[in-house]
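Two complexes follow with subunit A in common, the first pairing it with subunit B and the second with subunit C.
Entry: the complex of A and B
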């Protein structure tokens, strides 16, 4: 394995050198770096041109300029020297620009990527299990639809309806019976498709889910919940006990009581802890991510203890399932705290909760939770936009690999052994189906680090894409090379990681 | 086994109980705490008023006088931060900034101007603004510091001045010109007077700039030059507040790279107090600005006009105040006098077939309903005095297409005309492409074969080499005589058509040393008449501008000059 990594790194370095030279030559020849100065009518034009020639070393041959750039870059790897990616035509340090842009891009794409993977895999999994059902067709249709929609247009629509429209609605947040019924019809339809089985069962699911949705919406609207949203202790209890049930079912099945009990116990502990934790975290003195992480650690520890205590002979599974339950309960408590901060946040931004542009409200003066809401409100639309377009590939991939896995011999063997369907799907089929997705995900991370140019542009984020585009349009080679360096290194590294992960996940592969 | 099941039952009971308890508790405590939050939020409703302006380009450095710092964006950001003795009004005329100080022409021969800095004027770090700052501005702009000295983006005028006469700490400065200079009233303007004490301190100088005024080539200045050149280039997002004091109504307060820059009222500002304590400049691309305005994230926007944005803003109706205007930039056709258009009859034939009115009607009026044909090369249709200036220049005869006249002048010839322009295949300027199409169709009927010779390298290769017949380009017009001569004088770098007329050259030289505005205007009118007679170029139209405000915003006045919107930021207000 060591040999393989060394060989790969060596080859990658050579590739990097050759491609960086190629890109450098392409960029410096992509236009006239003095174009905007040639239009200058001031008498000092020649001075400005001379200055730019000096900054960009335009009077030197291209290979020499490349070597100059390379010398600065070696500082990033060789210790004791400064990492110097050169300067822009306006004398700004590219190293600083790149780190700034990379930070923005990471914030922009991380949530979107995680969301796309989770939702995409889930949708793909279910549509594979319910192949050729209404759900399957709907997922396929939506995936292809979003995949083929132009992003800039989606962005404008999102802004118009999910930001401007939603904010107008927040001014007087009420849901009429008609809209509640419309939403209920959608959720009911989804539930029916999801449940499968015979006609009666599906109709039962539709009516139950739809009726529940309509009732909840109307009730929430009547209580003016949307103006002062919160999950409340009851909400947290229902949600966390519900997820405890689900987690227990997925990890061990409801038949193994010890696991179920320890999950439920963990959820209950969480609900009891919430009474103390919520006011504590709402206190401006204590509100911070460090404390949230600390509490999460405590919760995981408590969950592990609960699992050990109640797990009996299923101790291992119980501990794992309890810890997942604890994390889920923690998430609900966090969501509740964030929701309770909404009215305060709305007042600070004049009721315009969802933002159309930028990564934060300038000059924002809110407390810790309002600040988190501000970040979320600005992330919402771009994250949705990126998720929508990347969702397709994950749902299609996971559907394909899942279908393939389900038709494998080992799945038939597992079934014929008499294993419950849950175990066959989760443990035998899904695990194997996910292996090819590591490559897709690793490549996606690399590609997304290169920046979502259009998303960044329409939502006013200055990330890697903007850096690249701006440099290219100005024929300013250093920012483009900085962008190139980060992207290529990311792609090479993630490729390597994907290969190593493959070997770990699939024992048949040896490095 | 039995213990296990008992324990399980106990836990299940516990869980159920907890659920019941919490369910009961919720309706009281949950609702209660939420409402208390709501009221506390309402209590801390925004008392700190702020206006946000959507702008496309980011700030990069505090010194806009060096070639690297000389960007429109820096000039715009620094307008309310670094005051000078004057500012551009929206109509392009100069308005003395009496808050900063006053200046008068003392005598004409030699041209002598006396500057008096307001006695209360201080940098926001408490140091008085005085003679030292003026001397630094002169040293940095005049080119007297020699080869290794300050490099300035603008030297014209300063290079004709003797060293400013003043003593250390004085606020009265007398400036004498070696030669008469037309734009004497546009010296020591906004952004040009930098804090000398910061340079002295940071460069570790032991003497002040006043001491060096007599020996401007002293090698001791090298450190100062270095700091002046590089020290004020800022890393994105990092304002080094200790070296960027303000001499204007606002100071640079916070900068989030790629997102926004905040201006806060300067607590030491001695002039007319501002009405809004916080101005935020948010970096938003033009196409995203309209929705940000609709969503209340910005209150002011003035993007580059596009018909799509105009339609978006119109659709918002009463929610926003939307107006159209003009920029100080005009599109024109330049004849190449070193080619076939050396023939005056050919120039006239072409001028007769160019559909100037149609170009304005089809391409500009959708964005600016008041648009009209540009008849002059020096005064814009929206400036006062345009009608008087444009009258009788001789360009009006080419307002309407005269195909018969053009055909007669061509006398059966069918010349091929290559129209050269900056055509970047990645982002083709649609307006230019459309203009070209209209000219092609109209002049085609007269007998010209109009060819699209647009290239991405037009200003780099084709234009300097004279490899075109007609150049289609725009001049960003300055309101200063010294800046507008370059396009028309013999041998000047911007005179791509190689037009040369000794009479025009002589008149320009007179205008550039004429210190009376009225006489300057008369000379420019003579020049413009000659340029029309020779058909040096055909001015077409002024670039349109669009401008929209949230309904509750007051006092914002569009300004198309380099001063931009922030020129009167002190009087911006929220209803």
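Entry: the complex of A and C
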């Protein structure tokens, strides 16, 4: 394996060197970097031009300029030297610009990738299990539609219509009966497709889910919940106990009492802890991600102990399921805290909650949780746009692999030896169907970074994409090369990781 | 009821339909209402494609869109049936609002009407229908050109690499790695600076970005096909590599190539519009659907139709091409024997 990694790294480095030289030459020759200075009428024109020539080393041949850039870049890898990605035409350090812009772009790409994978795989899984059903056809058509949507168009659409509509709605947040029923119809339809089985069972699921949705929405609207949203202790309790039930079912089935009890106990512990933790985290003195992480570790530890104590003979499964439950409960507590910060945030931004410009409000004055909300509010629409466009390929792909897995002999064997359908689907089919997704996801990161260029342009982020586009339009090679370097290194590294992960996940593959 | 029996897949496909007959000369199974018809591979594919409802609907829609785009304002100097030009400015009628009305009289009291400016006018009074059609023409031309050029390039490289193997394969594949490792939009954006804003030049440059995918697929198929007996037989009879590639290997790869070419067209239309949108693709005075959206981005609040129409056309074209590609994939899949009704 070591030999393989070394070989791959060597080949990748050579490819990277060649392609970076190619891109460098292309960018340098794509126009006149002095164009905007030539029309300058001010008396300092000549000094300005001379300065820019000095900054970009325009008086040197292109290969020499490339080597200069490369020397700076090697500093990022070789210890003891400074990482230097060159300077822009305006004499700013690209290294500083990149490190500043990288955070926003990574946030966008990661959020979109995770959301697209989770939603896409879920949709693909269900439509494969209910092949040729109404749900399957709907998902297929939606996937085709999303696949054909131009990202920039969706982004502008969300920015110009959804954002403004949502913000206007937040000014007077009420849900009428008609809209509640419309939402209920959608959830009901989804529930019916999810449940499957005979007609009676499906209608029961539809009516229950739809009715529940409509009731909750109308009730929330009546209590003016949308103005000061929070899950509250009751909400957290219901959600975490419900997810404990779901996690226990998916991991071991409800028949194995020890796992179920341990999950429920973990959720209860979480709900009890919430009473102490929430005020603690809301205190500006304590609110920070370090403390959140610390608490998560404590929660996982407590869950593991609970699993060991109550797991009986199913100790391993109980510990794992309890830890997942603890993470879910923690997430609900976090969501609750964030929701409680909404009214304060809304007051700070004059009620326009959904932001459409930038990656955060400049010179924002709110506390820690308001700041997190600010980042989330700015992240929401760009992420939604990228997710919509990427969702399609994951749902199609996972549907395909899942259908193939379900027709395999080992699935028939699993069924015929009497395993419950849940185990067959989750343990035997899904696990194997997901393996190829590692490769697809790794390849997709490049496309997502390309998508980030478009989204950042639409939403006016100061991210990597803006750096790239601005550099390209000004014939400024260094920012373009900075973006190129980060993108290609990320793609190469992720592909390597995906291949190694593939070998770990699929024992048939030997490295 | 009719059963499809895959016929013998020979090179020169036999067009006639053979009906299997029983000893008494009657069609086998006819007494049970069952006719067994032998069909060649090509007929099977054509049948499966023609019966793919979504693909046929998409093909028809796409055909209408193409005819509309090219016939309405004319092409290559030929006049079109739409009276107005995309370049002439005029005074704004009714604030440039759309005059298109598709709702019947019973709903809103106006009835079906096309009017003077069905898609409205832009801020300097140009007819937006003509502008959109001009943009659609350019975007379609670019997408089709990219489809053809990149397919030719991809097939040529993939075929050479796959059939010849050895050092040729190595060099060609490292070349494709070079391009495939970098996100397409990035290379396309850099290359886009060189086209000078013209549509044809942009098409040529975009093809340089999208071909490696197909080259890899073709190479993979060739690697397995060249070990087959029929290739060995052809070689034993003294066929040169060129003949083996063109006569024996390419027809067997046709499925992959056709499907991929279709999907390339839809990818190209999205890539081109995205580039034109950020200002790196088609430049004034030429226009494209992406550039139209970019040009009128600021006008959406007051004139939303300037945003909707180019977008609708992009989605329509890309969606139809994708559906056709899906239909072709289903039709060409040899494992597929179920005809979707």
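As a convention for this text, the second predicted complex is superposed on the first by the 501 of 511 C-alpha atoms of A that agree within 3 Å, B and C clash if a C-alpha of one lies under 4 Å from a C-alpha of the other, contacts with A are read in each partner's own complex, and residues count from 1 in each chain.
By definition in this document, a contact is a pair of C-beta atoms (placed from the backbone, for glycine too) under 8 Å apart; a residue touches a chain by one contact, two chains touch by 3 or more.
The shown structure was predicted, so the numbers you read here are calculated from the model rather than taken from an experiment.
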Just subunit B (first), just subunit C (second), both, or neither: which does A:450 touch?
second
Looking at A:160, would you say it contacts subunit B, subunit C, both, or neither? Reply first, second, both or neither.
both
Taking the superposition on A as described, I'd like to know which of subunit B and subunit C A:310 touches: first, second, both or neither.
first
Please determine whether it is subunit B or subunit C that touches the greater number of subunit A residues.
B
Check the residue A:31 against both partner chains and state whether it touches subunit B (first), subunit C (second), both, or neither.
both
Which holds for A:150: it touches subunit B only (first), subunit C only (second), both, or neither?
second
Give one of first, second, both or neither to describe whether A:258 is in contact with subunit B, with subunit C, with both, or with none.
first
Is A:51 touching the first partner subunit B, the second partner subunit C, both, or neither of them?
first
Can A:97 be said to touch subunit B (first), subunit C (second), both, or neither?
first
Once the complexes are superposed, what residues of subunit A are shared between the subunit B interface and the subunit C interface?
31, 156, 160, 457, 473
Touching residues (chain side subunit B, partner subunit A) in the complex
4-5, 7-8, 11-12, 14-15, 18-19, 22-23, 25-26, 29-31, 33-35, 37-38, 40-42, 44-46, 48, 50, 52, 58, 60-61, 66-71, 151-156, 230, 233-237, 254, 256-260, 262, 278, 280, 282-285, 287-288, 291-292, 294-297, 422, 424, 426-427, 456-457, 459-460, 463, 473, 475-476, 478, 482-484, 486-487, 493-494
Residues of subunit A touching subunit C in the complex
11-12, 15-16, 18-19, 22-23, 26-27, 30-31, 144-145, 147-153, 156-157, 160, 446-447, 449-451, 453-454, 457, 468-469, 472-473, 480, 483-484, 487-488, 491-492
Residues of subunit C touching subunit A in the complex:
174, 177-179, 181-187, 189-191, 193-194, 266, 270, 273-274, 277-280, 290, 293, 297, 300-301, 307, 311, 314-315, 318-319, 321-323, 326
Within their complex, state which residues of subunit A touch subunit B.
31-32, 34-35, 38-39, 41-48, 51-52, 55, 89-93, 96-97, 100-101, 104, 156, 159-160, 163-164, 167, 223, 227-230, 232-238, 241, 257-258, 261, 264-265, 267-268, 271-272, 310, 312, 340-341, 343-350, 352, 354-363, 365, 457-462, 466, 473
